[in-house]
């Protein structure tokens, strides 16, 4: 767990990487890390994120720069998802649509060593077409596989020097799950405090899951707005 | 046992969520979908101990934030700023959907393009060639909540029914909807049987003919 | 979520029920609730717990009373597990041995709506005999099914009136998982505080999982020792 | 490349955990099993930033509790009272084993009845008819930790080797052990090949004959 600047933190993410990016809309979106990834020029990326970018900043800017080959998400279409919409209609980005709970559970499975799991969501829908199904105890399930990342970019509220993270309100969303599911997890936080300054009962992401921390002193709220 | 309210017209837009709110028992844990279902919150009895879940990671969600209360880190599933109630809790997405999919939510209220007599739900995709699909948590809610209630107009703008023998839009979930709240009637669905619980400004007979569905009374 | 006394809290647990009982040894063992279950006289029980009782109190006393037909656990044999040892050698209790991680994950699956999952633990061992196996991405897995309880008896540190729970140190262990996996979850706590008195960021078990709370004003540590 | 320490006898009981400690890199996340592996903690460099995991739900476990520090709510996997270090965190059993099984622990150190040349581990059950089996987290650690190190005496009390061509005791995990630390030698296991890294008071040749195993040097 090393506190580094954003550009150094993302430097190892190479062309063709699968990158898990936290956030639900703007809440919890690690804008500084995404901007650094854009500056790095890494291309042909597969991005896993709940949405496909809002407005022109953060994830939307990464898409606009042409660095993303494919996005795996649950909810690309929004009032302000014009960047994605344009790329998608022009056939310049590939979309894999995954129900939100499956997105979360498939990343959890990757982090937890689960090889696959039978899941109730999507049975009988087009999103389950071609997938293995099974009836267990009278209920139908679809077999879903883990989603792993080469890197995870997440935003938390505060880190300690042991890499433990706490989050703020609903900005927690995908951060704790993505942190477990990537080879390298990079967290953007508002401050880094000494080990022992976060109550061990309240740690959300234990430091074992965090490889690099970047302190962005602006209030978390200010970055996203 | 249908109550036919004939001395009035169809329910107004804001009357539908109010009607749903009357059917939510005290102490329930409830998820309200994006759009009109969100308005159900405005009609819940504040003393009834009903707890709202939002799938982006919170139990005990409060009302919409006033301008000076807006916190970008505190939003609902529609990404609108909301508030926190005493006794609230935050959790991550895997825990939030485990809660939903594990059958712990008593009720979710969703919008719909179509509902079938058998309770199939279509609410995530029109299937039109140029439409960009987006599913969010809809399929998880359909599969996971103990009771799925739907709010919708009973007829599309072109007059075609949205409560149908079989959905023509892509499905969200199979056999999951148990109640449908519309401008013209409230329906209870059970094992393929459709009962009109209440009608507004019309009769069961008239609705049955217009929907081309057998309606139990 | 109703604060009740221990005997009223367990009154609905009937003969033949499957009861999840929290604790890792004495830490987190809900002794007051177990004693109430013993007094209730409910028999033919299946108990799911990490251990099979220590000394002569709590779970050991329930076993000694002959109320438990079968125990599902990971580690029955301990220096002070003489009650279980005697019953087992006399053929008076059935044992299903489950690796500790599988015990936890199978209850999590029950609480999370997962129908079954492919798990790396136990591959090629006698504990996987007769179970479905599959190779996924070059690794072998065993298919494991959920464990559900009719009731869960757990010990937490503090509850609020919304049923939210926080725990103390490693006494947290199985409580949060069991709370999600049972039809009725009953928590023994040292105190009940008003809703809002527990930081929403630090809630470990949200109140949605808790049906009944029993306040046992002794310090948590004193009960178990 | 084996180092044969011939000017001394076998490692004493407390020297084995000390030898293991030397092989644990700075910054590692480590789980120490019940019994002799627990003693490895006493020999770790306090400045090396090594974090201990205990599967009953904690990262950042500290040393054994002194009498006036004992807290029944704070124990290790052997149910002995321990302490907390700055930067510690607590989590529930599903999260603790997800961490383990998801490959996040760098090293676990376990005791064993037998280890095979191929890295199979037998440490949970003697298989004797009257033995009460207990597995705890042993199978999860064997399957989940990135590196499984074993501490054991090289020979049983009756003189039979415990590092064997194939285990005769019931298995805990297949092909998982990469290092075996014993009184007579330290072994590295790789793809069925056994290398003696160091020997104590004996030679590779002597050990090879006594174990009836080909030992790479």
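The letters A, B, C and D name the chains in turn, as written, and every chain counts its residues from 1.
The rule is short, and it goes like this: contacts are C-beta pairs under 8 Å (C-beta built on N, C-alpha and C of every residue); 3 or more make two chains touch, one makes a residue touch a chain.
All of these numbers come straight from a predicted model, not from anything done at the bench.
Chains that count as touching both chain A and chain B, per the definition above, are C. Separating the centre of chain A from that of chain D, both taken as means of CA atoms, is a distance of 35 Å. If each chain is reduced to the centroid of its CA atoms, chain C and chain D end up 29 Å from each other. Chain geometry summary: the mean Cα position of chain A and that of chain C are 33 Å apart. The multi-chain contact residues of chain B, meaning those touching 2 or more other chains, are 84, 90-91, 97-98, 100-101, 143-144. Within chain A, residues 105, 108, 112-114, 119-120, 167-169, 200-201, 204 each touch two or more of the remaining chains. Viewed as a network of touching protein chains, the structure does not reduce to a path, ring, star or complete graph. Two chains count as a pair here when they touch; such pairs are A-B, A-C, A-D, B-C, C-D. In the complex of the two chains, the chain D residues touching chain A come out as 29, 51, 53, 59-60, 84, 86-91, 97-105, 143-144.
Chain A contributes residues 108, 110-114, 160-162, 164, 180, 194-196, 200-201, 203, 206-209 to its touches with chain D in the complex. Interface residues of chain D, counted against chain C in their complex, comprise 54-58, 71-75, 79, 84, 90-94, 96-98, 100-101, 125, 130, 132-140, 143-144, 170-174. Considering their complex, residues 24-28, 50, 74-78, 84-85, 88-89, 95, 97-105, 107-108, 119-127, 167-177, 204, 220-221, 224-225 of chain C touch chain D. Residues 105, 109, 112-120, 134, 136-137, 139, 141, 145, 166-169, 199-202, 204 of chain A are the ones that touch chain C when the two sit in their complex.
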